[in-house]
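Notes for the one structure printed next.
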Amino acid sequence: MSSVEISPVTTKLLAAKKLKGLTFGDLEQILGRDEVWIASLFYQQSAASEDEASKLLHALDLGEELIPELTTYPTKGLGPIVPTDPLIYRFYEIMQIYGMPMKEVIQEKFGDGIMSAIDFTLDIEKEADPKGDRVKVIMNGKFLSYKKW
Amino acid sequence: MSSVEISPVTTKLLAAKKLKGLTFGDLEQILGRDEVWIASLFYQQSAASEDEASKLLHALDLGEELIPELTTYPTKGLGPIVPTDPLIYRFYEIMQIYGMPMKEVIQEKFGDGIMSAIDFTLDIEKEADPKGDRVKVIMNGKFLSYKKW
Amino acid sequence: MSSVEISPVTTKLLAAKKLKGLTFGDLEQILGRDEVWIASLFYQQSAASEDEASKLLHALDLGEELIPELTTYPTKGLGPIVPTDPLIYRFYEIMQIYGMPMKEVIQEKFGDGIMSAIDFTLDIEKEADPKGDRVKVIMNGKFLSYKKW
Amino acid sequence: MSSVEISPVTTKLLAAKKLKGLTFGDLEQILGRDEVWIASLFYQQSAASEDEASKLLHALDLGEELIPELTTYPTKGLGPIVPTDPLIYRFYEIMQIYGMPMKEVIQEKFGDGIMSAIDFTLDIEKEADPKGDRVKVIMNGKFLSYKKW
Amino acid sequence: MSSVEISPVTTKLLAAKKLKGLTFGDLEQILGRDEVWIASLFYQQSAASEDEASKLLHALDLGEELIPELTTYPTKGLGPIVPTDPLIYRFYEIMQIYGMPMKEVIQEKFGDGIMSAIDFTLDIEKEADPKGDRVKVIMNGKFLSYKKW
Amino acid sequence: MSSVEISPVTTKLLAAKKLKGLTFGDLEQILGRDEVWIASLFYQQSAASEDEASKLLHALDLGEELIPELTTYPTKGLGPIVPTDPLIYRFYEIMQIYGMPMKEVIQEKFGDGIMSAIDFTLDIEKEADPKGDRVKVIMNGKFLSYKKW
Amino acid sequence: MSSVEISPVTTKLLAAKKLKGLTFGDLEQILGRDEVWIASLFYQQSAASEDEASKLLHALDLGEELIPELTTYPTKGLGPIVPTDPLIYRFYEIMQIYGMPMKEVIQEKFGDGIMSAIDFTLDIEKEADPKGDRVKVIMNGKFLSYKKW
Amino acid sequence: MSSVEISPVTTKLLAAKKLKGLTFGDLEQILGRDEVWIASLFYQQSAASEDEASKLLHALDLGEELIPELTTYPTKGLGPIVPTDPLIYRFYEIMQIYGMPMKEVIQEKFGDGIMSAIDFTLDIEKEADPKGDRVKVIMNGKFLSYKKW
Amino acid sequence: MSSVEISPVTTKLLAAKKLKGLTFGDLEQILGRDEVWIASLFYQQSAASEDEASKLLHALDLGEELIPELTTYPTKGLGPIVPTDPLIYRFYEIMQIYGMPMKEVIQEKFGDGIMSAIDFTLDIEKEADPKGDRVKVIMNGKFLSYKKW
Amino acid sequence: MSSVEISPVTTKLLAAKKLKGLTFGDLEQILGRDEVWIASLFYQQSAASEDEASKLLHALDLGEELIPELTTYPTKGLGPIVPTDPLIYRFYEIMQIYGMPMKEVIQEKFGDGIMSAIDFTLDIEKEADPKGDRVKVIMNGKFLSYKKW
């Protein structure tokens, strides 16, 4: 059993999606929201509006009694300190190895500050490649400059 | 004092770069390698060829006695388990919150496997935006499928 | 599922508040206690008097059988060592970055000692700002001087 | 010996300030920056402009060779995971106990999001009180709303 | 009770295998997959095709309602940070002691990169020896070279 | 700087080997010991006989004053709890994912016990493959049966 | 509640033993195994033969349905990293304080290697002493010499 | 480099002992103290009397300026939380696996209490055995009964 | 919910005590044991005799079926590594800050050894004080001298 | 080497005290402060007035250049998370075992709040006892009641 605990709501949503044969890409069409954002809603890391929740539950043939779960602002964070799942660990490794270099380059281009993880989007694309397809992850966050006071 | 220990080599390289008034973007022009990769070389997270090391040291007006440090395959990993620097922490937070959703979307598009962090590139772009400039981070890694045997 | 475990009592109180359409600000009017203190009571981090507990349960249309839960002196502390929820993490980050500077300034003004977290109040205000509203957190604790003996 | 490592630069700045008999409040007058921000500069958690660094060093009778240390964007974070110093620990305790309640109240007032720790100020005031003076800490950060995409 | 949590699915599969008197070696014959891979499927660390899942459940006299559990791409990772079970700990010890030496030898033979744990097979053989039988573990992974960009 | 501390002896040995242009494979020829074992001697994880130490130092053009360092029985263990270097981490990941399955298969073949990490050898081979060369790691340890008493 | 989780099987065995008024010493007579080994079987840290399991359950008036639990090779390890129970902690303290000295003396007598914890027995005796009885713990493990290869 | 830091005093004592060709057993004859206790003195985990310190230094041809180091009551504890050295780890493993069983047997024989690690001796013997010599470790500590008050 | 898990037995005892309106001081009168010891019995950190257990249950109007729970020698230790409850944390802080000073003073008065936590009593008194009542904690443990052997 | 790092100032003070043959009890007479408080000053956990520092240095025949070290408000906390020194560990164990019981008794006597560790004194007495002398530790801290607001 893995060290990420999956809530009953997440389990229900994933099962319904499987049953309906829908992909996150299909849900992107239905909801008008990006597939990654929708997946983060499945994992209760984002909060939907009543209308979005209702549309999603309808698409999954689930009852509206799940609306409160989907519209509550969640207490966020899914994982153990160091993730054991290899797919997720690779992102941790990237931070371990390229974290300081990214800090250097971002600060050189922008000054002292950070990339927001709140005013932020994340997209995943599949890039066909004869030597093996590639995963492309595009993060896009507002630069926030340290305020002096 | 922060919890990331900077090696004397890194300190020397960063100081020389500052003195020469060069940006990582300038070095990108000179070396023909991406600025993030060059920054990872500064932090001894990547290994250069003899030729690349020599070109870099020349550009920085540093002696060739640093070549071995730059061409050795490094023992990698820069940071404490949970990073305290806010810029780097945000990437850890992204993994905490969007890790499982990314796993869902990547696996839906590709099957059971991971995005390689080895056959991998990382680019950083500045996106002008009237509401505040944005940081764009593009990760691009080969998809590796779990082998069955 | 996040790493903060919410007790059944907290869940019941939050659900009742939502059902009644009450804010913590409304409860402040009813109970004559600050909204943050009331929220800390919801999370079983503070203890109410019998009378306060009774008033609160009445306002929430909940039965008096919860009075003992609300009046017991709680074993306090809600979270994992490093919080993963971004809103709470930011306060941890503030302590990481401004902890020593605050220590310098407080000790310069008051001498060797601490700000009490027991004889202590905490208020949260919304400050309207055309560039984006601001959160104002006011902590107010008695200064306690180290006793020499 | 405490678990917070103080860098040689911090030690030099604090010693010079003591020698000159200056308080952080005095430096506030000279630099036109808040005393807490200046203390964070002493601890290399903030970066000064060349001009601010020069003014500060002048006020402390220190040479300009420290300018690069003060103007470099620092790798931030001062402390061990759980701080042992009682003054700093109390802020950690406040987060442990009032973290979730603050989250409830902030989100009720503002929606799903966080208080920025970057577009952020922190002030410390002494409040006279016959029963014992009080420490007032005022944090003020821009509210950042979670972006949906 | 040990610190590795065994999921109900794993428990069911192991019990059925015991009841049927089958070894992993027998299942290797039936499924056409290696015994270690099959054991990793029992522990929900690998994902089977529908056909493989069906064959396995048939061999174990279990119903097809377990197919979804066996075909889902799992969130991987079984154990606590440092394993307490002596058999598993020995592999951790090998990494502690021979990790850096292996890195030296692999990098000398292949260059800067890693042995893939994804494009990877693992076999276990029993080697008869008059002084005591020996366990032979053969790991075989594709070498992945660090990409420069 | 990585989290594995390299001792001055290791640094000296590695530098001399580089200078002499020798590989671990060359040293295998000279010493009559496996290259991985020799690398473990470099990292002070194994102890040589006086004769082996002397031969090695001779081959590396180093003085005999290092003999005591090479013949002392070392206090073993090189790394942090979870390794950050990607090459070494992959072995940790293999233990996380295939640890319990290996335990099942080994115990099925041998009974209750462990593979010794002391009466143990480890070989690394390069397997040419048109789709990319492969790393082959062969571990071979005596099976130790739990004694009942 | 202590941090060692006791499994239902252990609880059942301990309760039956108490009910029957048997000591581990009595069971030693019945089973022909040492009392410590039997206690380790109670805690599912050792595996019995079918015959031993049957004899034990008979002695405790428990049904044979527990045989599989007692004959399965367990996943071993009972405790948290640093034990909190004072009796067990003292053994941890002995390792903290006398660990390195024991290593010196054992290696001086035997060479580079370890005491096996697998080919191993452990006895506990009560030594009467007018100044207070003494606990005598005798550990006896095969010496395993590091293999060179 | 291992994770146990050896103090300069320990290094000096061990080097002198090696130079003089003395074993801990020889020192036992000279000092009239057990070899394990003497080894614990080498590692500054025990304190000698002036007379014992003087005798030991004399035997090792070391000057009396080390007497204060050997007679000071040390701050004890040598190791990291989980030891990585295999010889020492095996004692940790014994505690992990046989800790609770030992507690059962000791408490059955003595009542609620502990074996003292202070009024305590530890001996190590070599037991010749045709199937491989065995290490015998005898711990002997006063039983301390929990006081009720 | 706090990080100290309260067992069902503790919960039952505390509830019964509240219902009967008894204080630990009252129970001290009834049982002839100190109130702190009785509280430690409530938390299953001490073991009562049959007679004490019976008296206590009678006083609390609880059935005798709890006798085994109260007379079993418990596996001790209540808390997380660093306690989050402020009242308990203060004792941890005292150990952090005054631990080494206490060691100096105790060893100066008694020699190399420890204060027993087993042959030990702990009393709590309320000291009236016009400037605010004071808590007096008196610990009293037998001094145990390190045995040399 | 123990895991508590002793600062050079502490080392100097302890050495001077030893040389002068003074006990902390003697210093109590000279300074008019309790011996434990003075020991905490030695370990830089408390701050002296200029006058106290001067008196202490005079008594120890040390120069006044140490005055700033002794009068600076220290960053407090001496130890690792779980102390390994047996004398200090026993206090940690007391908190582990009697922490919750003390909380119950203190709160029963005083209400919801804590014992201050700031407005606090700590005394150590030697109690002669024919069965073995006893250590008496008296902690005395102001009770602080949780403020409601």
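Lettered A, B, C, D, E, F, G, H, I and J in written order, each chain numbered from 1.
One rule holds for everything that comes next: a residue touches a chain if its C-beta (ideal position, glycine included) is under 8 Å from a C-beta of that chain, and two chains touch if they have at least 3 such contacts.
Model, not experiment: these values are computed from the prediction.
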item: Listed chain pair I-J, C-J or A-C that repeats interface B-D [over half of contact pairs the same by residue number]; value: A-C
item: C-J or F-H, whichever has more C-beta pairs in contact; value: C-J
item: Per Cα centroids, the chain farthest from subunit J; value: E
item: Centre-to-centre distance between subunit I and subunit E (centres being mean Cα positions), rounded to whole Å; value: 47
item: Rounded Å distance between subunit D and subunit J, as computed from the means of their C-alpha atoms; value: 29
item: Inter-chain centre distance, subunit A versus subunit D - centres from mean C-alpha coordinates, in Å; value: 32
item: Where subunit E touches two or more other chains at once, by residue number; value: 4, 6, 37, 75-79, 81-86, 93, 96-97, 100, 103, 107, 113-114, 116-118, 120, 122, 144
item: Pairwise chain contacts, counting only pairs that touch as defined; value: A-B, A-C, A-D, A-E, A-F, B-C, B-D, B-E, B-F, C-D, C-I, C-J, D-I, D-J, E-F, E-G, E-H, F-G, F-H, G-H, G-I, G-J, H-I, H-J, I-J
item: Interfacial residue positions of subunit B with respect to subunit D in the complex; value: 1-4, 6, 18, 82-86
item: Touch list for subunit E against partner subunit F, complex; value: 4, 14, 23-25, 35-37, 39-40, 42-43, 45, 76-79, 81-83, 85-88, 90-110, 113-117, 120, 122, 124, 126-127, 129, 131-144
item: Subunit C - residues contacting subunit I, complex; value: 5-7, 10, 44, 68, 74-79, 81, 117-118
item: Residues of subunit F touching subunit G in the complex; value: 33-34, 37, 46-47, 73, 75, 100, 103, 107, 111-114, 116, 118-122, 144-149
item: Touch list for subunit F against partner subunit A, complex; value: 82, 84, 86, 89, 93, 96-97
